[in-house]
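The following blocks contain the structures, represented as structure tokens.
Two complexes come next, and they have one chain in common, subunit A, joined by subunit B in the first and subunit C in the second.
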Partner chain A sequence: MDRSIARTAVFTGAIAGIVVIYLALVGMIERLDDLPIIGRVGMDTILIFLPAAVGGWVVTRPRVVGGERRTTTPGAAAVTGMAEGLVAGVVVELALGLVSVLGIETVRQVFSAVSPALIEIMRFHMAPVPAAVVMIAGTTFVGLAGGVLRVLPKEVRAPIASGLFAIVVVALLQRVIAPAFDQMNIERDWLYSPVTTGLTWIGGAVVFVLTAAAVRFHLGRWLAGILMPSRYPSAAPATAPSDAEGTNREASSEDRRTSLDAGISRRGIAIVAWCVIALIVAFLPYLVGPVVSRILGTVGIFLLLGLGLNIVVGFAGLLDLGYVAFFAVGAYFTAILTGGQRVTFTGYEAPAFGFHLSFYAALPIVIAIAALVGVIIGAPVLRLRGDYLAIVTLGFGEIARVIFGSTWAQSLFGGSLGMSGITAAKVPGVPMNFQADPRHFYFLVLVFCLLAVFVSWRLQGSRVGRAWNAMREDEQVADAMGISTTRFKLLAFAMGGAIGAVGGALFAVSLGSLTIASFQILVSITALAVIILGGLGSIPGVVVGALVLIGLPGLLTQFVDYRLLIYGAVLIAIMLLRPQGLVPNVRVSRELKEDERSQDQWAKHLLEQDATDAPEPTGGALT
Partner chain B sequence: MTPLLEVAGVSKHFGGLYALNALDLHVDEGEIVSVIGPNGAGKSTVFNVITGLYAPDAGDVRFRGESILGRLPSQVTKLGIARTFQNVKLFPNMTVLENAMVGQHCRSRTGVLGAILRTPKTKAEEARIRERAQEALAFFGSRLSGYRQDQSANTLSYANRRRLEMARAMATEPSLLLLDEPTAGMNPRETLELRDHIKRMRDERGLTILVIEHDMRVVKGVSDRVVALDYGQRIAQGTYEEVANDEHVIEAYLGTKAVG
Partner chain C sequence: MAEEGVRAETPTVRKLSRLERLPIRRIVLTVLTVAIAVVVGGGIYKTLTLPEAERLGWTFWANLMVIGLALGAVYALIALGYTLVYGILRMINFAHGEVFMAGAFGSYFFATAYADSGFLNAHPWAALGILFLVGMTVSTAIAVLLERVAYRPLRNAPRLVPLITAIGASLFLQNSFQGFFGSQTRGYPRPSILDGTIQIGQVSFDKIDPVVIITAIVVMAGLQFFVKRTKTGKAMRAVAQDREIASLMGIDVDRVVVTTFVLGGMLAGIAGVLYALTFGQVGATMGFLPGIAAFTAAVLGGIGSIPGAAIGGLTLGVAESVGPYLLLIGIDVPSPYELRGVITFSILVLVLIFRPGGILGTGEAEKV
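Right after this comes the complex of A and B.
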């Protein structure tokens, strides 16, 4: 084994071990002890062994030596992975040994999570020596597995990795999947064991096989072809010009696979498929039950925030860190317009400017106010760009929070005690009670989310969206091309603010009461995280981002204490591995990744052209 | 007849450096005027003053006899002055067609409401924007049309980027086009092709053109009039032959004869 690789293996193994120790010290491993995944294997066990496996995967990555890309051979991968896993296990055992030497009580004075129970878990409820053997053998094995998995061909590697991942996801999503099975009267004991409440081994195997097969046979691409026939045009495009071969070749070969049957109209299939999705979305609350519906309501609110912020940051390129201001404006103005009462120490009092409008009458006013606030916030920062803009808007977010919570504005917004008694958004003739049945709220949020998606989508493809885009790419040139940057910046702030305020309004009616604690800077950061995770400027990305960042932590109550830790880890991972986001905007991903590829393609095309008839003089610099 | 563009006594200094020093310059309707001069003579600064990027310290810029000082670049563009940049500035991640469509921005009106509702008016306007943009691209023949329209601008060759920048400027439907070193970095063949393009812009599209150019074959080939700048001042003006033989110009380019 190469010395540098050996060094990397030891180093990575040590890091994997330290990660495990860290997870133990923050209490995550003990906390997740009661979260079974498959059979008797719990999330705690997975956390103990996952870092070593990831480490094995990492150390066997292809590396560039002297300008040459070298993939690791299977033998070398096995050895490197094992070495890495061994080191990881040894590091963890050393830490455990240290704890025994010092005594649990001593360590506990500094690291409060170190408890006898934690040590029991880390020792797999065994005596120290056999436990150490199991630990080191285990990490060595998963290191080996991770390393070998990496060097397998992609057609094997991707299905296996996805299958394993799916097992964990399906086990974690038990709260969604199990009630859905019950609702549809499907037997589920084969999948989720009634004894351990995790997956059964058989269920796990089924999940693994299904996922692996889906990944192996490109189910996702096939589905995408069905749902979006225009984006993935059919195999025999009448429109594709013959000279476009060089660029379209890749796409069309995929399409050949995706086209089901030339006889059936692809558009028809797409419509049917979308109807099925619409039906699922419409009946989702009845499938998953009230608890999950409440979480979906929260997802919807953050989806609105994400969509609004996406206009400001994703479309127009204005980094706004004070977006919570609009959320607060929406919530508080909805409160005072729909008859919310100020909470005081002695009881409830009417606000200085209170109205008793219905939610639907108040909403347009709230939207108008938020758009105005957007212009007010936007006007002073017109000349600022990038980091400066971010810092100033951060300040505006805090100003909004301070004003709404101040004693100075107490007669309006209730100060630090907040407001209560906000009238729910009732549809006449339909009994609705958000507190008693969150499913009603789901539908309300759904309607507004669909509206916001529609608005974003229409704006994106219009003259306005184009102007924002141009401004995002180069403000000075956009100005020189006749785009009034002042106007379009303010427009972005106003539109983004309006959509965010709708989120705030829904938040207010969902709870019926407000306190300033709900409008921390964390809201801005979360909304930003949602759109970064999903992909800046991408509308489907915002949806996925909200589901992952808001929905998953909501479902996984065991993880609640570690939500921010996981956010941070996820965002770092995304920035490193997939900076364009999970569902990227075509343009942004181009920006980030495809520069070189397209360059090569163009050069190749040019060479081909030159070879045939040399119509274009080459020699222009390729930049 | 008032000239289409008139730069009257414009001065602009950066710190102690006079980039422009009481410069007088005019362009008549339908003319192609070349601006030449050594590096740092203030050529690009003239463009930046005309398009509203810089405010001059003294003097006036008049377009169709009306002062355009104090207007924003976007307003100047809307009046009918379009420009290209010395170092090509496209919207690299927008497609070729989108780049040209941005040029049509100032000739269209659709706002937020129209965009959301996609009214018949909006649709008609969008179709018109697309058509005009394609028209501008078609000026350069097959170079920017066909499948290239849907490629992002950063996939284009250097020469095509320059062409696209000109097409985008033409898509703003200007009456005066300012080209800042359009042939910089092009090979001889492309340069000659571009020379013909500049002439065609005037002859076919009726544009008045003010062009900064270093390549003397182009200057000779296209110019009705040549203006030579040095140290922010006009040192000569006239036909190509007159300017090329002007002793001030020779001096500016080659330096004074050593004494002795």
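Right after this comes the complex of A and C.
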């Protein structure tokens, strides 16, 4: 192990230790103590050991030395990983020692999360010395595991990592999966322990094996290929022998795909698969019960916001941080138009300007107002560049919030006390009550979400969508190609605003009342995090983003306090590690891959020639 | 559109394209200008010509001016952080408001400890000196960390990418502090020599206000000297003009960028302590609004310009404190102070639309 690797290992280990200390100080470890994952192992234990494992993975990454890519040898990986884990454990123990020297009460005066309970957790409910041994041994082991995972061949590594990840996910989804099993009369005690509500060891093993097998045989990739067949003919499959690292992933999956296709019609599978998905979506509220349905309703509202913002940011490339303005416009105008009353200190009063329309009559008006607001906000800022545009729209969002909540506009919008008595969206002949049964609201939201997905999907490939695309990539070139950037920018603001306003309208009828506290700037940033996580411009990405960022914190009450913290971390991490998002836009990623592949082909071609007659490389090289 | 020529034959299409030719931007801008002129002009006129009994005396306005200048001085210090970073990296450090908050919060623990031990009142100037040092250290540490983790890996990424990480960093820092120290706002002790008011003629104002203004002016003068007269300052200006050429001339760009963040962090730390002393409280969410206001100040003065940030900060501070009363009392708007946020943001929007270079800038911002 040479010197620089040793330094990296110590540095990374120290960072991993500091991350654990951070998680403890911010209160997360203690808060997640009552979130069991598997057996008696809780989320808190995972948080304590995960950083060291990730550190072990990071320090053994292939390095470039003198323009040459060097992968770590298995022996070096094991030693480096262990060293990293050891340092991480020592750093954490040093911090724990410092706390006991200073006294918990003293530290607590500054860091309010430090408590005897937290120290107990960090010591695994043991005496200090054995606890330190366990901690350091544990971090060393996971550091080693992280390092070893790196040098395993990809066919082994990916299934193991996915299997472990799936255990955590299935455990976290206990509140969704357990009631669904009950509804379908499936025995579930083997999966979720009735004592801890986490997974049982047997259940965990089953989840691990199933996921690992699915990943090993590229089931997910195959399924995705079936469900969303690309409109572009797939490029000639690369025929390079698999060398276990990155670049040939696509090739092996395509081989896989063709072999699975043999005998079964792809179209048939696609239809069946889509029908199953549709059935699940349609019966989901009855499977998971009213509490989760309420969360799904919120997910739906943010899905709408995400889809709308995706048009503005993802398709047209205009970073709008004031998107909450449309949400507020939708909610407040729905309130006014459907007979909402303003709340006063003495009771309720009719707003100065109000109607008693039904929700469905009010909605087109609300959409039109929102589109108009989009044009009004969009017109003055047409000439601003990306980052300035972001700040100005942020300003518009704040102006909207201040005005809707001000004493000045109280006679219209109820000021700081808000509005109440908003008429629910009733369908004639169907008994609906959103407050009493959130399942009804789920279906209402579902209809509008599907509509918005359809609109986005059709827009994406349309002339308008392609114009936005061109504008996003290069405004000047788009202008030169004859695209009226003024018109398409305003159209993006109007369309995005209209969809956001629908979200606001649904939000208003779901609660029946409004206060200005629901329209903070954070709504804009949440919607932004939703689309960034999934991938800008990607419609499935928005769905995934909304489910993960809105659904998970809703399910796991332990996470609610850390929701915004996690959104912030997600925004940073995605931009640093995977700017295209989790479910990237098909076209963009295909273009990227195409590029990569042709480069690989070029490199391979060079290598082959090199072996035979060593010609001059053409272009690119320094001569 | 390229295809329009083919289809323009049909009358419906022709009608549509005539509609499209409407100069929407100009219409909205004209309406906006007229509306603002009416509100500002009418509001000021009505407020100043209120009946004798309701009219506000000049001492009231003078008092607001002093408060506004003190607030503006704090804004100016934060704005300098935005301006320096923008000048060098052409990026908006959205998390700078949190850097400011961190400084205030960091010094809070020392301030309360000194207040409890009596050191704060026994040796107020020494205690204040230490508080400033602590605030500067914490803010600088956060700013440097921010640059290293969130911005440096993305220095050559598309412009929106670092902006998004900056938003994420802002959210992350704010909520981390909330997790560390709790979400309640806390009272910030003030040494007794800064308590109370000063009476000059008929105008009385808090003792802290002139202290804030003077401190800020001294600090800004120091910064101006640093940037204009020292070698490091020269390197900063070189990097601001052209990063690549500067690095070819042997300037270590990474070091200059870190220096910039250090300077911004130090100024934000001082601003944080001053702000906490003025308003007597700190909290994890205190950074957001001053952060945006300071950004507005930087843009107002001309982003990238150091004197611009000072002028912009002071102007905005006064506009924020005097504006709501001057414009809105006359037209019978209840609780005008509530609407000061609208004034800040309107100034931001209007400057960016009508004069993106700011007061001291010319067109696009180009200089430090």
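As a working rule, the second predicted complex is superposed on the first by the 551 of 623 C-alpha atoms of A that agree within 3 Å, B and C clash if a C-alpha of one lies under 4 Å from a C-alpha of the other, contacts with A are read in each partner's own complex, and residues count from 1 in each chain.
The rule is short, and it goes like this: contacts are C-beta pairs under 8 Å (C-beta built on N, C-alpha and C of every residue); 3 or more make two chains touch, one makes a residue touch a chain.
The structure displayed is predicted, hence computed values, not measured ones.
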Which chain makes contact with more of the residues of subunit A, subunit B or else subunit C?
C
What is the contact status of A:Val455 with respect to subunit B (first) and subunit C (second): first, second, both, or neither?
first
For A:Ser112, select first, second, both or neither according to whether it touches subunit B, subunit C, the two together, or no partner.
second
Counting only touches as set out at the top, which of subunit B and subunit C does A:Leu98 meet: first, second, both, neither?
neither
Using the touch definition from the top, say if A:Gly482 reaches subunit B (first), subunit C (second), both or neither.
both
For A:Val560, is the partner it touches subunit B (first), subunit C (second), both, or none of the two (neither)?
neither
Which holds for A:Leu491: it touches subunit B only (first), subunit C only (second), both, or neither?
first
Quick one: is A:Ile391 in contact with subunit B, with subunit C, with both, or with neither? Answer first, second, both or neither.
second
If you lay the two complexes on top of each other, which residues of subunit A touch subunit B in one and subunit C in the other?
463, 467, 481-484, 486
Considering only the defined contacts, which subunit C positions touch subunit A in the complex?
1-2, 20, 24-25, 27-29, 32, 91-92, 109, 149-150, 153-154, 157, 159-165, 167-176, 179-182, 288, 292, 295-296, 299, 333-335, 338-339, 341-342, 345-346, 348-349, 352-353, 356
Which residues of subunit A touch subunit C in the complex?
22, 25-28, 109-113, 317, 319, 321, 375-376, 379-388, 390-392, 394-396, 398-399, 402-403, 406-408, 410, 463, 467, 481-484, 486-487, 490, 521, 525, 528-529, 532, 561-562, 564-565, 567-572, 575-576, 579
Sites on subunit B touched by subunit A in the complex
51, 53, 72-75, 77-78, 82-83, 85, 89-94, 98, 101-103, 105-106, 108, 110-112, 114-118, 122, 125-126, 129, 143, 146-147, 151-152, 154-160, 168-169, 172, 185-187, 189-190
Subunit B partner contacts - residues on subunit A that touch it in the complex:
240-241, 243-244, 247-248, 454-455, 458-459, 462-467, 469-470, 473-474, 476-486, 491, 495, 587-588, 590-591, 595, 598-599, 601-602, 606, 616-623
